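Each chain gets a letter, A, B and C, in the order it is written, and its residues are counted from 1.
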Amino acid sequence: MNFGYYPGCSLQGTAKEFDLSLKEVLKVLDVNLNEINDWCCCGASSAHVMSHILSVALPARNLLLAKHRGMQNVVAPCAACYNRLKVSQHELKFDEKMRMKVEEILEEKISNGVEILNLIGLFQKIGLGKIKTAIKINLKEIKAACYYGCLLVRPHDILKFDDPENPSSMEEIVSIIGAKPIEWNYKIECCGASHSIDNTEIVEQLSKNILNDAIKHDANVIVVACPMCHSNLDMRQKNILKKYPQQKAIPILYLTQLLGLSMGLNYKDLGLHLHYINPVPMLEEKVKVEEVTI
Amino acid sequence: MEEEKFEPKITAFVCNWCTYTGADLAGTSRLKQQTNARLIRVPCTGRIDPVFIIKAFEKGADGVLVSGCHPGDCHYNTGNFHARRRWIFFKQLLDFVGIDSTRLYFSWVSASEGKKWVDVVNNVINSVRAKGPFLGYKNLNKETELPLVNKN
Amino acid sequence: MRIGVFTCHCGENIGRTVDCPAVSKACADFPGVVHSEDYKYMCSDPGQNLIKQAIKEKNLNAVVVGSCSPHMHEKTFRKACSDAGINPFQVEIANLREHCSWIHDDVPSATLKAIDMMRMMVEKVKFNGPLTPIRVPVTKRALVIGGGISGIQASLDIANAGYEVILVEKEPSIGGHMSQLSETFPTLDCSQCILTPRMVEVYQHSKIKLMSYSEVENVEGFIGNFSVTIRKKARSVKDELCTGCGLCVQKCPIKKVALSEFDEGLATRPAMYVPFPQAVPNIPVIDRTICTYFKNGKCQMCKKVCGREAIDFEQQDELVKEEVGSIIIATGYKLYTIDKKPDDSPIHGYGEYGYGKYKDVVSGLQFERIASASGPTSGEMLRPSDKKVPKKIVFIQCVGSRDEAKGFSYCSKICCMYTAKHAMLYKHKVHDGEAYVFYMDIRAGGKMYEEFVRRAIEEDGVKYIRGRVSRIYQDDGKIIVKGEDTIAGVKVEIDADMAVLATAMMAQTEAPKLAQTLGVPYDKYGFINEVHPKLRPVETSSGGIFLAGACNSPRDIPDSVAMASAAAAKALVLFGSDMLEREPVVAKVNEATCAGCLYCKKVCAYNAVEAKEIKDRNGNLIKVVAYVNSGLCQGCGTCNATCPSKSVELLGFKDDQIYAQINAFAEV
């Protein structure tokens, strides 16, 4: 199977382990990723607050490049990139004036057709049955709180992905690989997003609530599919633990890392050493390693 | 030579129970539209003979609109189904005869869809204006020197 | 032809945008027009007198009036002309108001259009012939569809006037949603106490034929002469033998499988059941989907204990045909229940409220059942999950209503009132409880309604918070409600024990299908349309079919009852005469030119066309032609358009009349 690949800035930077683990897992599943040549920033949070047309043109350029390469679909593992690509595609489809302006900027006619997938959508397309056959390790002691954040499911009218109030697509994958997804209340609550930079205290407050709810419902790990979610819950957790001594620590894993663990891939290849909150102690306790392949 | 801007003439055949009432509602709601259309009331779109449409074009219409109840909602149960079936063949006939079938428009507008009626009428007028005048019969009449409209 | 043309200013309505004197002047020059004048209010008495005078003085034989829509005053002007001696069908109306002055701004082009419209009607009327109204007999019986409070009221009114009524109700018992209520606002009357006497009256009335557990399958015909097919669903009980003793229900072993529809899913009911103790008729029904006998032929406990041998497992649905003259639609409403919705549903669901996920988040009707003495908790205020008494309860208004984004844009009218009622009932039973209501506005516009809401706030201490709720979730057995108080400008979080959602009132799911069966229009929400919202609220565009209650629009009980009586009055007007005059817009066959192909018969939706034999004096057959029964013909004209030789014509809309209008369209 072949998919177009749009890594976006974070997967080459702060979310490097996301990129690593994704590639390792896809190797096992025999799926190829073709990175879009000369891709540029999707605009993420900054573009759409500064200039509407820039926020639509940047993703449009990436989609155009994908089309040139004959790609039918593009996977954007970063939820923000996914969201911006989808929104741009939607605006170009329904707003004729905007499309004409963007066509002028890109100097090319825009026609639709590229399917944009997020990380979960990618695995759904690969087929959960195929994933199940690659499972080697028993993860039944892992109680995972699946955290969706906001950009994967909202706005529903544009993304049309899962149920925006009570999503379950991540839980489906977690179940298939043998771990136990838990019922909890904060799976779509805001973590503070990019206020991580300008108002870190808000992020610490909101993320603390999310961490606590997961712990309260007996989770031993929180699974995410977005670099922003990961950064706020993992990187900022360090400070939260310092500020609140009663706070318990809980590791944050990318879905791809959890998948990789179930396939018996090793910790270094999955980038587990790049986390702030070390997941290894929990894994050593909860995962009975029967087989390890390199 | 006058530089008169072309204003299309649109003849609209509308059914009494749905579209005519919907157009009334548009009026009661004071929804503004362009003046180019003239409505001819029939009890049901099933009443509309394809020859009416040809006649309308012959007598100077640049575009013709036929509008009735949504399928399934016809006041007479099946009238609009018969109308719909007729048009499928009629459009082909128009093309064969050389009348631009894209100048013939259909819509389903119910009695509560005043706003939709206004949109339909304005869209048809704008479309036909962009296409320009329908010259087929005008040219024919020039050749045969028959008067276009009995104005007196 | 001597045509008189009258242009109405309609005060400012036409006069402001159309230059009426200019129109009148232009019309005077049309060939065939011998009189043309304009006047401020043509429909008024002096206006009509102008027309009558002109008819007499100028010896007119046809009249064209440029005025408001023919749907408004065509009858007025036809009558005026008829009084003055012209056949009323040689009168045509040009719709200068709704189709011209009200939709345009530019006076010159609107005036030009008005002149065109008048010309089209003048040309048409030249081809109008005199027509005489058709008289059809009236069947003086009524059909009422729906046995809720509206249907019950309408049935009683018609029956008490001495005419027979057939009342069809799809559930096993009449009573509708009102029978599920605990108390009614604003009096806090016990709902069943005021309803059941009416239900019994219906059951015992000699003029009312009650067909419960039945549905209307097909309707044919027209005003005064409807032929209705009703499906009597199989109860599996012979109703003429059943005494309502209830032994079979008691002994039915399948007790816990089905959820009770009457108790809104909060309790179970047996496979053999009566929906509620005061059901009318008090005859049980077997739910064949879960009954053991119907699944594998065993059990038959009900048959064993029935002393009257009334159980009949072989009973089938029965199709009953009835002739009626008038139909009243009173099918009521259903409440929007929020769970996962398919993508084409108009409602996108309110998953953030957790309804369906958390047992203690309930709908308005479910709360009524909890509060009701005959309900699953015998009237004790107990929450569904653990049957504990909720000490803090949150009511949320406008769930699904007034919401363009995720729900319906309309207001459901009754929720503010019943929420206040619910909060009061709760406080009366749980004195130390706290009740909170999240609202957007309070709509209490009926008699004693505002005072009722004030009573809830001032006497019963219900706390009203203006703001919406963003999320409900469960934590430690508590229902956490997160909302905001927009007046105080703060976020509000309440750790409640229970939440009640005032969900939107919707049309019944089958309402569009029923409307199509009856041939009446309905709107995008499934509510059945009235002819005119202000002046004709109980009539539909199909003659003889009237509306009552919530099937037309969200409505409370007093308004529904009033509407039901109004609809009954309309039916009684119909029954007041033996013969009904119908408009003579019917098809007529020219037997000389008709070749007898009978294509017209194929396309007639009313079976109004028959084959007729034309014989010579010796009785030999000359030819077969088509013949239209003018009593059955409804005047759609499909036959006219289909006829290859145009031998059948629709009077009032003949080919000549239409071509005249097409030809007259001169300029824009």
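Methods note: contacts are C-beta pairs under 8 Å (C-beta built on N, C-alpha and C of every residue); 3 or more make two chains touch, one makes a residue touch a chain.
The structure displayed is predicted, hence computed values, not measured ones.
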Exercise for review: Determine which two chains are connected by the greatest number of contacting C-beta pairs.
Suggested key: B-C
Exercise for review: Specify the chain most distant from subunit B by Cα centroid.
Suggested key: A
Study note, to complete from the structure: Chain centres from averaged Cα atoms put subunit B and subunit C apart, in whole Å, by 32
Exercise for review: Would you mind pulling out the distance in Å between where the CA atoms of subunit A average out and where those of subunit B do?
Suggested key: 54
**Study point:** Where subunit A touches two or more other chains, by residue
**Key:** none
Review point. Can you list the subunit B residues in contact with two or more other chains?
Key: none
Practice item. Show which residues of subunit C lie in contact with subunit A when the two form their complex. Key: 340, 348-352, 357, 473-475, 480
Check your understanding: Can you list the residues on subunit A that touch subunit C in the complex?
Key -> 156, 163-166, 185, 216
Check your understanding: In the complex of these two chains, what residues of subunit B are touching subunit C?
Key -> 7-9, 11, 17-18, 20-21, 23-24, 26-28, 30-33, 35-36, 38-44, 46-49, 52, 55-56, 59-61, 69, 72-79, 82-83, 86, 110-112, 118, 149-152
Revision key, fill the gap. Note: in the complex, subunit C contacts subunit B through residues 31, 69-71, 95, 97-99, 102-106, 109-110, 112-113, 116-117, 120, 515-516, 519, 521-524, 529, 541-542, 585, 603, 605-606, 634-638, 640-642, 650, 653, 655, 658-659, 661-663, 665-668
